[in-house]
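What follows is chain A paired twice: with chain B in the first complex and chain C in the second.
Moving on to the complex of A and B:
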């Protein structure tokens, strides 16, 4: 990695892009290399498929969570949404609804919960932490109420339902394929759609975004709806995998998803990061727990190791973020006036969507 | 201006949609909240079949059920897991069905001992006569349990013991359930082999007792616990951890799985099936959910040990205390091994 700041604008742009996109990938590669030395059985095809499948649920939730965290918010309710969506799907299938509609209904439950979160945050101005904490508790209660506290079995198995639960295509696990599709969609939306840019703008400064014409309320509600939709999909997939709607499923998946997002280099303050990092964050978490099980590390020590890895990963990511932030400040037109050899154009290039330098907010607010 | 109004209208539309969806959801599942299987003997509430002869004798109610009039408080550690949810739901249902004049209030400690003790204090202030307490922590709830006794309230420790003098402690024994499973595994493996353990939430008292009991049950055999990992009493986690364990221990290296509850056992069974190794690995667990009995019946689950709900027993004991009848200090329910040989007699009467 370059320690010296490059002088050419294009070089600077490139190095920024590399660092912001590749950092989690590099961490991941280093880890995998270490693993290869420790446990050769990790690389058995059947185990790699396990890891892919195991990363899918948290990964899908984390992609949705990335939208919310980029706005500077947080969504604690995803685990409860996962459970409610699975329970809803199970109950509807048991009541004779055809499977595709039951799947849609399960996902719709997630969207509705997301809209409620979004309205709470954007319209009623409740702090995201509190709003989603409240819905987390309420939604869990609803799942328990709907199931009388116990898991709901269902037996109807359709090919597609099997596929997203435990099936595979050309040997690749179905859940992992769904995860990759969702990840690709998330990356594209954040990178190339105006909506994606608004998300970054709001995370940078909501006031500035609003003043520069971003419909902040609508964007935030949409961000939470996307998070809810992803959690809902994860819930349907969990139900499909297990053959039950479990009201207590996913109780820790909110923390896992947040961890994946943060390890992936997205700042909890919002505005910085992206879905690429999240994908690798989720895969990294799955590898970590898989490897520790393969090594037979005691469950007590596993928690310690997991905590340590999270802190290290976040520190590395945070360092890179601070660096990027500083460089962006130096790049900005205002800072340029105080520094004679100015490179005023580099911050305006929209080629680096993983950072928020090109957001409309940045360009219109005086600092 | 118009823009803002438009947006607001849309938000309201969304909220209305949310409301409608929620109502629909409740509406079409409302009928699922049916009352549980009432095993009434005439118009009297009878204990479950997991309450043995001694237990049955201890819970003989002499008074007329219709004449029992008193305030009962139910304080459960948490209603956010199936056992707690079923208990807090069924006790008031049974009370209502069999003791029409018994007034039951329920509180959910939400997994927090401080919270739960505050709730118990409130119940004491409301003038309850009997308290059914399932403590989050045996020591943390001891204080309020003593307060209740000092205020003349009869305390029933349900499922979990509290570290104070109470009128009675009703429940089966986690360690004993582990012992029963340990013996069953030793016998099924012919006295020798390797078993992996899926343990419950780390540090929780049932987890510790179920682990210790299992090892006691294995004593005298050459069965070895070759790995122990937590799966947090969760089905999906059980599946995932078992996938990893199957990877770590290749074909022929595992003969049995011991899971601290049915849910994790279900996950393990699925992982074993998907790996095509169901012929070589037998799965054992604890709890006895209805689904577990179905799997025992079809042969994919070797055995489960019943860890029965104590809702009927607690309700009867509360009624006895209300009527001023004496109650034994310990009422123990059986840890019944349910395997293929006897599963038929328990179908439809699952412990949980």
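Moving on to the complex of A and C:
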């Protein structure tokens, strides 16, 4: 029962590993296969690029959201932040500020909102749900106030601004490229920076993190700031695409982003999951919408299907996690009689730094 | 006349551990029976059987001569047995009256709150308790809550009241009030089982006593026919075995100095020091303040006054990272929630503290894995894979992961709080060996333990805590279990 050679076939280990770690990718592949049979037009290059474009905004927000959810929190304010940062950028450009500075200002709005969320959660100890619900409402009010409730048009001739809104490079949509860059950054931070470890640690057990010396307040504030920054960037990009700063833009993107994170296998309890899953989750959502559009399913029915997909994804992931925690229990009768481990509600994903299952997972314990 | 409560030949075992072995006793109306024993002696198991949380393997419980089957808290209440635990079962946001009559409301179709309040006021008054029945329970003091809980049981016609260490969480005056209340109950004919670690209270209150040791009855009789020393020797057992002691030779400089450490109501003016190469054991019963002492030194909890000095540097209260920087490590009592991240892998757990201590900005999964593999070999940690969650490891192996975390960070002072609790014997031995090894390497070590043989076997010196104070400092080489227990229960 120690680290001996696997005693069971490699194939079974592979399947377990896949089920527990690569769930979003599998769902994605199955879906794509099904789509190939149902709607061949899906695979036309122009449509695929369209899917990439559609996944970008939610994907960027979701990558930021992953940090917050990994700490065991949630950020409901991202939709409002998106709107406020777009409005801010539009107003500043209209007032003659040069575009690069207006972009930075829009993103800073997101960071400031994130810091406020973080202070509320980490210092004032307000529950994340309540804190970000409050800022969601307040920030939306702020956007409406700034624009008197209507969209603000602005003229935009900056090539870079166009690029992140609606441009493309070698045929690949600009927003999708930005999404991939943000995703890469998120994955690297969570995997290769000490800060990423502290995020997982806090989500695992905030008391253990504190006793290990993690400066929990600072880390949590930073996590919410990252979420705010990503939402701010998404807001700037949305404004660039639409050519207006719309105070009602992105009102449901908080829910879409949370959905992407959860489908991607990150546990809402914190400590388990990662950004790779989120990226697949966001793309999966975009494919789902796209295919249903191609099939001519009504938007109302689409929502019902989306809801069903979320529940199914989470159920499958939770099963895989329970298996993962149960099957590897080792030696000692004491261990068997003691409390079972707290089973997180969701699955481990490919990029939680040590969850890549570099050795086969089939080593079970003889009972 | 049949006794109020008779327990006959009760036995209970949990997977290999005989928690209770053939225990019998009787309790008559108006009698106070003191239930005494070390931590883990079987007191809790006995209480749980009487309150219906556990079923006995063999033996029976009789109330007023009739055998009763107690399958759950409801049965227990129906038979007139009530237990007041330390963690009280009151609704903090309901009023005193609402709590008292909960589930047994006076009704006029709907609940008649006027009548309920009157009833509550009268009932509490009859017990000599003057509490405003309109106050929320949250606003009451611990003592008031406790008395309310007792009143609630009596309101439901409890004939046998089990008080599980009621005074452990109370201060001086409150203890007196509670003891007065218990005296009053006695006169009303209520039978009481009183669990306490404080023998002075036992002598003040009880008529009879029973002593449990390793699940067996080691003594029973009238309080008037025993004394402090006699009870202590019955708690410890006469032929106790002492572990092989291995006190290392050379002691170095003072590594940790604790001066007048005080945390209001928890720790009172504690001073001691630990030299490098020395193991200082901290003994005492639950609630004596041992864990609180460890947490205060480590900076996990704040303290009111006093100093913690490491290598001449005074530490600030409430800052674990500063303690880590100064070279202190803590292996906490609650391994699964405080010592480890059970959802994370072994490879992710081990380097965390050292990353913080060295202010490392980057992390490397592959480096962590090879690091973890090193410790797996060195400490003989049994696990399927360093990448699997720590939750899948057994208790002993989890504890080794905690230790690996500190070894990797590098510490001069290591505080171990119940390092072998819930760990099988083999792993226990390995952890002892590791402590000896670290001691030889010149670490200053504090071991907090409820197991006296463990404290005796490991320590150069032993601090015995009682009620937030160091009641005695004993030489490890000459101390005995009786001696420790004598001070741990408040002997002077």
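The rule is short, and it goes like this: the second predicted complex is superposed on the first by the 303 of 367 C-alpha atoms of A that agree within 3 Å, B and C clash if a C-alpha of one lies under 4 Å from a C-alpha of the other, contacts with A are read in each partner's own complex, and residues count from 1 in each chain.
In this section, a residue touches a chain if its C-beta (ideal position, glycine included) is under 8 Å from a C-beta of that chain, and two chains touch if they have at least 3 such contacts.
All values reported here derive from a predicted model rather than from experimental measurement.
Of the two partner chains placed by superposition, only chain C is touched by A:272; chain B is not.
In the superposed pair of complexes, A:151 makes contact with chain B only, with no contact to chain C. Of the two partner chains placed by superposition, chain B and chain C are both touched by A:215.
In the superposition on chain A, contact is made by A:205 with chain C only, not with chain B. Of the two partner chains, chain B is the only one that A:119 touches; chain C does not reach it. Once the two complexes are overlaid on the shared chain, A:196 sits against chain C while remaining clear of chain B. Touched by chain B in one complex and by chain C in the other are residues 215 of chain A. Those residues of chain B that touch chain A in the shared complex are 7-8, 10-11, 14-15, 17-18, 21-22, 25-26, 28-29, 32-33, 79-82, 84-86, 89, 199, 202, 227-230, 232, 234-236, 239-241, 243-245, 247-248, 263, 266-267, 270, 274-275, 289, 291, 352.
Residue ranges on chain A touching chain B, taken from their complex, read 41, 44, 46-47, 50, 53-54, 57, 88, 91-92, 95, 108-109, 112, 115-116, 119, 123, 140, 142, 144-151, 153, 166, 215, 217-218, 221, 238, 241-244, 246-252, 289-290, 293-294, 296, 298-300, 303. If you check the complex, the residues on chain C that touch chain A are 14-16, 298, 300, 320-321, 324, 330, 332, 336-345, 347-348, 352-353, 355-357, 360-365, 368-369, 376, 382-389, 391-397, 405, 422-424, 427.
Taken together, the chain A residues at the contact with chain C in this complex read 1-3, 191-197, 200-201, 204-205, 207-215, 271-272, 324-325, 328-335, 337-339, 341-342, 344, 352-359, 361, 363-365.
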